[in-house]
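Here the structure comes first, spelled out in C-alpha cells, and everything after it is commentary.
As written, the chain order gives the labels A, B and C, with residue 1 at the start of each chain.
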Amino acid sequence: MPLTEPTQGGVALPAETATELAAPTAPALQPGAPAAPRARSEVLYFALRNWKFLLGSGIVLAALLAALVGPWLTDYTPLEFTGPTDQPPSSEYWFGTTSYGQDVYSQFVYGLRAAFLVGALGGGIAWILGVGIGFTAGYRGGWIDDVLNMLTNVVLVIPTLAILIIVAAYLEVQSYTTEAVIIGLTSWPWAARAVRSQTFSLKTREFVEVARLSGRSTRQIIATELAPNMSSYLLMTFILLFGGAILIGASLDFLGLGPTESISLGLMMNNAFLASALLLGSWWWFLPPGLGIIAIVGGLYVMNVGLDEVFNPKLRAT
Amino acid sequence: MTRYLARKVVIYLVTFFVAVTIDWAIPRFMPGDPVEGLLSRMQAQPGSVEELSGYYTQAFGFDVPIWQQYLNFWAALLNGDLGRSIANYPTPVSELIMGALPYTLALLVPAVLLSFWAGNKVGALAARRKALDNTVLPASYALTATPQMWLGIVLAWLFASTWAIFPVSGAYALDIQPSWSLEFALSFLYHWILPFSALFLVAFGGWAIGMRNMIIYELEADYSNYLASLGAPTKLVRKYAYRNALLPQITGLALALGAVVAGAIVVEIVFSYPGLGTLTLKAIQNRDYFLIQGIFLFLITGVLIANFLIDIFYVVVDPRTRIGMQGS
Amino acid sequence: MSLRVDELTVYYRSLRGDVKAVDGATFAIGDGEIMGLAGESGCGKSSLGKSLIRMDARMKHVGGRVELDGRELPIADDAKMNAFRFREVSIVPQYSMSALTPTRKVGTVARELLESRDVAFDEVQPELVRRLELVGLSAEVLDRYPIELSGGMKQRTVMVLSTLLDPSLLIADEITSALDVSSQRAVGELLVEFRDRGFVKSMIVITHDLAILYQIADTILVMYAGKLAEKAPAETIVGAPRHPYTRLLISSLPEVGVRFEETRLAGIPGKPPSLLSPPTGCRFRDRCPLAFAKCEEEPPFVELEPGHEVACWKAAA
C-alpha cells in the first residue's frame, strides 16, 4: 500500500496510519510491513526489476542531471538581461526569453537546483524531526508519548502555508536554505504520526521482546531490531517529504515569500504571471517550471509506489 | 464517543491557543522592528514620522509591557477585533476578511467536496477495471504532483487567453454588482469554473489514487475473503470494501485541509479572484501586518472548525469510534 | 458417499515457479463423517481445504476431480462454484475473528449476505436466532458491531452463519489454532454438535493439533509435503499408526499426566522438503528412520485394511 502525503489535498495514507490517526487508541494494523530485514542484494534485485521504481527514479535522476549539468551547457545566467524580450524557443535561447530578456532555459535549470535543494534539505529536516519524534513517542509511550502527541497534533492541524506566510512576512527569506529549514520545521507531523504507529506495532512484536529480555540497551534495540525493519518505511517517508517540500516551496515562491535574489521554479511562475505571460501567450516561460515540478514530484511518487512493491512482496504478485 | 470528541476538542483548543500565541509572538521576536520597517517602506514625510511611529507602536502594543500586550491581544481577539488594516486604513481587518471570505468559500467548499466524491468514486472504479486503471492511475499521479497555481495558469492560458471561452480573472464581470440576480449568478459561475477546476483536478488526482489503493487493499481483507467464500456476489463485497475504504479517506481529508487552503490561496491569485488568497497577497506586498495576522488567525480557526466537523462526521460513520476502543 | 476426491492436484503460482501444494490427493468422506486433516505447517492441508470451496488468485487446479453427493464440484471454475458455496460447501475460516466487516452490524451482514444468495432473511431469521442461542449467544448479537463482541463470540457467530444453510460439507480451517485449550475444547464440541444435529453432513477439520482431532474426529487424514500419508479412524491413527511419519508425530506428543524427566521428548529431526521442486519418490524419505532403497519410488496411497490407507512401502509390506 503506497504511503502518500497529503500535500495537495487528498492522497490517502496507508491503513495503519489512517486507522491510527482516526482512533488513536486502536491497535495498529500490519497490512504489508516487511517481515524481516531483507538482504540488501535482494532489495536491489527486485528494485531493478520493478518498472515503476525504474521509471520514477529515472525521471528524478534525469531531472537531477539537468539540474547539475544544465547550467554548464549555457553561457547565460538566469537573471541577466541578456537578450530580446518575449522570444519563443530558438537555437540561441533554447527555452526562449522572458519579458525582461532573461534566458528561460538557464532560469529553468537553476530553478531545478533550487528545487532539489529545498526538497532534500526541507524534506530531510522534516524527516529527521518526524522520525525522531514519532519513534520516541512510539517507543517510549507513556507521558512522553502524550506530550509529543499533543505537539504533533497541534502542528499537524495548523496549515503549513499559514505559518510560512506569517514567518516569511516578517523574516526576509533570502536563501533557499532558510526556506528549506522553515519548510522542514513545519511539515514533519504526518511523518511523525506514521512512524509512531509503525513503531507501536513493531514494538510489540516478539523479536523486540526477546532483545529486551536478553538485556540489550534501548539504543541497541532501536539500532539493530527496529530500524532495519522500518528502513523501507523510513525511506518511503523521506521520498514523500522530499516531494512535498518541493511543492510547498513552489507555493511560497509563487507568493513572493521566497528568496527574490535568485531563481526558483515557483519564482519563475510568479514572475511570468506578474508579467502577464499567460495573456501574451509566452508559454515557454510558464510551462517548463510547472512541468519540471510535475516531473520531479511525480517521479518521486511513482518511485515510491515501486519501492512499496519491492518491500512488500504481497503487492508484487499483482 | 464523547471521549473521542472531547479529546479532539481539547487538541483544537490547545492548537488555537498555540496559534494565537504564535501569531502574537512572531512580530515581536522576528529580527528587525516592524514599526521601523513599515515606516521606511511608507517613506513617510519627516513630520509625520513621529506621529505614525507613535500610532503604530500603540497599534502593535509595543508601548506596554509584554505580558500586557499578550492579554490585550486576547481581549481584542475575543471581541472580534483583529485590528485595522494598515494599507486600507481605517478599514477593520475583520471587515476586509468578511468581504473576501464568501468568494474563497465558494471556491473551496465545492472543490473539496466534489473532488472527494468524484475522486473516490473514480478511484474505486479504477480498482476493478484494468482499462480504466491504466489511464486513471498515471493521470492521477501527474495531477497530484501538479502545483495548483501552475494548473491555474495553464487553464487560464488555454481557456481564457488562447481560446476565449472563459474569463481570465475576477469573480464576476466588471459591469455587474453582486446581487441575488440570475445575471450575477451566471456571471459568477462563468468566472468560477476555471479556478474551481484548478483546485478540483489536483485534489481529484489525490483521492483517486488513494481510494484505488485502499479498495485493492480492502478487497484482500479477511471479511472480503469470507464473503466471497460464502459466494457473495462481487457487488456486495465491493460495497463493503468501499465503505471501509472511505474511512481512512475521511481521515485523509482532515489532514489535507491545510494543503487545500494553501491551494485555494495561490489559485485565487492566479485568477485575481477576490477571496482571501488575493487579500493575502496584497497584504504581503503591502507589509500589512495586521491584515496578515488576521488572515492567519482566520485560516486557523476555519481549519480547526472544519477538522472538528470532519471528526463528528467520522464518528457517525465509523462504529468503532462510537463504541470506544480497547487500549492498545 | 458424501465427498469423493480423486487425484486432486493444486499448485500455487509463485515468482519462482509452481509450488506443488497438493499433489494427487485421493480420499472419500462418508455422510456424517468428521474427518480431521492433519500435518505440519506447509504440508498442503489448508490448500486442500481451500481448494474445495474457493481457490484464491494464486492457486490453480492442475488435475483431479471432486464429487459431492454424486455431483461434480467445479472447483476450477470460480463462477460455477458460486452456486455451491454456502449452500453445499461452506467454510469456517481461520480468521473468524476478522471475518465480519467492522462497519456493519452482524445482523446486517447476515441479512445482506443471505439476501444476496437468494435466501429470504426473514424466513431464516428464527432459525438463525435459535442456533445462536444454541451456541450460547443471544439474538442481541445481531444488533451489535463486531467490535462489541469478544473473540469467542465472533468465532461462534461465524460458525453459526457459515452453517446456516445446512451445507453438505463444512471445512473448518484451523479454527482452534488461536484459542486456549478450554476454548478449543468448547469449539470442538460445537463442531460435533453441529454434525449430530444435522446442521452439517460431513466435515473436514484442518489442524496441526492431533490431540483435538482425537477428541472430535471420526477419521484422520495425515498429509506430508503435499501428499497424503495415512488415513484411518481416529483411534487407529493414534493407537496403531502405520506410516512412519504418523508414528513419529504421535510419539512426539506429550501425554497428559506423563512427566518427561529423564528422557527427552522425541521430535522429528529435519524439515519438510521444498514444494517448489519436491524430491522424487517418497517425500518423507530424508527424515524417515525406516527409509530403504524402494523409497526412491513413490509409494501409492493404498488401503491396507478396510478404512485404513497408507502411502508407505514399509507399511504395505
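The rule we apply is simple: a residue touches a chain if its C-beta (ideal position, glycine included) is under 8 Å from a C-beta of that chain, and two chains touch if they have at least 3 such contacts.
Remember, it's a predicted structure, so these values are computed and weren't measured experimentally.
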item: Label of the chain whose CA centroid is most distant from the centroid of subunit A; value: C
item: Chain closest to the middle [Cα centroid of all protein chains]; value: A
item: Whole-Å gap between the CA centroids of subunit B and subunit C; value: 55
item: Rounded Å distance between subunit A and subunit C, as computed from the means of their C-alpha atoms; value: 49
item: Centre-of-Cα separation between subunit B and subunit A, whole angstrom; value: 21
item: Multi-partner residues of subunit B (each touching 2 or more other chains); value: 247, 318, 320, 325
item: Complex contact set, residues of subunit A against subunit B; value: 1-2, 4, 6-13, 15, 17-19, 21-23, 25-28, 31, 150, 153-154, 156-163, 165-167, 169-171, 190, 200, 243, 247-248, 250-251, 254-257, 266, 269, 272-273, 278-279, 281, 283, 286-287, 289-290, 293-294, 297-298, 300-302, 314, 318
item: Contact footprint of subunit A on subunit B as seen in their complex; value: 4, 11-12, 14-15, 18-19, 22-23, 26-27, 30-32, 34, 112, 115-116, 119, 141-142, 144-151, 153-154, 156-157, 160-162, 168, 199, 202-207, 209-211, 213-214, 216-217, 220, 247-253, 255-263, 265-266, 269-270, 280-281, 283-285, 287, 289, 292-293, 295-296, 299-300, 303-304, 307, 314, 318, 320-321, 325-328
item: Subunit C - residues contacting subunit B, complex; value: 53-54, 56, 81-87, 90-91, 93, 95, 98-105, 112-113, 116-117, 145, 147-148, 158, 162
item: Residue ranges of subunit B in contact with subunit C within the complex; value: 221-223, 225-233, 235-236, 240, 243-244, 247, 317-320, 323, 325
